[in-house]
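Step one of this worksheet: look at the structure below.
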Amino acid sequence: MKTITVRYFAIFREHAGVDEETLSLDVTSAMDVFERTRARHGSSEPTGHCKVAINDEMAEWSSGVNDGDTVLLFPPVAGG
Amino acid sequence: MKTITVRYFAIFREHAGVDEETLSLDVTSAMDVFERTRARHGSSEPTGHCKVAINDEMAEWSSGVNDGDTVLLFPPVAGG
Amino acid sequence: MFEISENDIAIDALREQMKDPGAGGYCVFEGRVRNENEGRMVERLEYEVYEPLAVKEGERVLEEAQQRFPYLLAFCVHRSGLLEIGDCAVWVGVAAAHRDEAFQACRYIIDEIKVRLPVWKKEHYAGGDSGWVNCERCASVLRQSKDQNGKGS
Amino acid sequence: MFEISENDIAIDALREQMKDPGAGGYCVFEGRVRNENEGRMVERLEYEVYEPLAVKEGERVLEEAQQRFPYLLAFCVHRSGLLEIGDCAVWVGVAAAHRDEAFQACRYIIDEIKVRLPVWKKEHYAGGDSGWVNCERCASVLRQSKDQNGKGS
């Protein structure tokens, strides 16, 4: 089990009802974190236009996560 | 013979030494006017990037000129 | 230079900074809040920005533009927070030797900013409801999922 | 709207006019006097404009842009007279529903303005001499012609 802090943004935050939470998860990749928290962030399409960052660096869904990492879950962006 | 007022612009005006002059010319087209005043405006390439207007309307080099017309001779432009 | 601003973008001050004696062309783009989007009347807009990564990615976009369309100066400022109709949401300015680089760099920057930065836009509609732009599909998936699973675990 | 101005272009006032609640994109281009052209140091610039036809042709360019890239508002102002390095020689502003029309209309307008209007630019160089831009070939033809014919008749 790894201790992972998950941060939610925009619609994900509204769905989760919290900005962030620290969870004990049996996960290997950023994708695993996304799937484990699906019920909270309310999306079933991680490979779509959603993005992920680990410890404030943009990451791939296949990127590995380590104990103590912060995983940021980004719904589809809309700048400008 | 037709009475034609010829107006010179930019480098053509500097070469002609006058803004405009009224001449009696045996001419049919704007091109004829350009060629008759070549020694004044100093250019031998009327079909190049030079332009012509007759009585404040853009014209073609082949456009006819009438007695009393004003022909404006424009060297290559450089806006902006 | 890329910045996130919580307040009105200081356009006059930005313009003052865009001066270079070698600049023949200067191109600006302003994205403004419009009163309509996809057929719905918009009353105001809210931008959520994750600033640490937005700034990092914004700076990266400016560097990429510099590589592709060498310019002399470029600035970009993106708003966060609540905006009214007509407010400037994003400002991009590029000064270059010639107009082609100025236009192309400016266009590159705004196009990339719109799709790459961690920025989210919530529209508040005339009817009183609101929606996250580009997230409606996610939301509908959620609603189905909640209907099936009760209150979402 | 197209205008020729003998004085500094009032950019702030122009910007104030470019407001429309339906505008999501606003693109501006400023052509500025730069300190160098084709390898020569430029000290100042002089624009000669034949205003009656320049205004007519400028208005036509704005209408063509409207047909091709429908916009909400567009203005263009071109300077005449003497300009210093850094001065704004031409200003084009376009407000449109979306950024693509704003960029494309703005680019169309400046590209056409540069080649179609009866406007001539004389550069004054660091050495004290000067030259009409795009007219050097004409001038050299003249010089040959004068050499052959004496003082040009």
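Structure notes:
Note that the chains are named A, B, C and D in the order they appear, and that numbering of residues resets to 1 at the start of each chain.
Quick note on the criterion: a contact is a pair of C-beta atoms (placed from the backbone, for glycine too) under 8 Å apart; a residue touches a chain by one contact, two chains touch by 3 or more.
Computed from a predicted structure; not experimentally measured.
Traced through touching neighbours, the fewest hops from subunit B to subunit D number 1. In this assembly, B is the chain whose CA centroid lies farthest from the centroid of subunit C.
Subunit A and subunit D have CA centres that are 52 Å apart. Averaged Cα coordinates give subunit A a centre that lies 23 Å from the centre of subunit C. Centre-to-centre, using mean CA coordinates, subunit A is 73 Å away from subunit B. Multi-chain contact residues of subunit B, defined as those touching 2 or more other chains: 80.
The set of subunit D residues touching two or more other chains comprises 31, 99, 110. Pairwise chain contacts present here: A-C, B-D, C-D [touch as defined]. Against subunit B, in their complex, subunit D makes its touches with residues 31, 48, 50, 52-53, 56-57, 78, 89-90, 110, 113-122, 132-135, 137-139, 141-142, 145-146, 149, 152-153. The touching residues of subunit A, when paired with subunit C in their complex, are 9-11, 15, 38-40, 42-45, 48-51, 53, 56-58, 72, 74-80.
Of all the residues in subunit C, the ones that touch subunit D in their complex are 11-12, 15, 19, 21-36, 85-86, 97, 99, 102-103, 106-107, 110.
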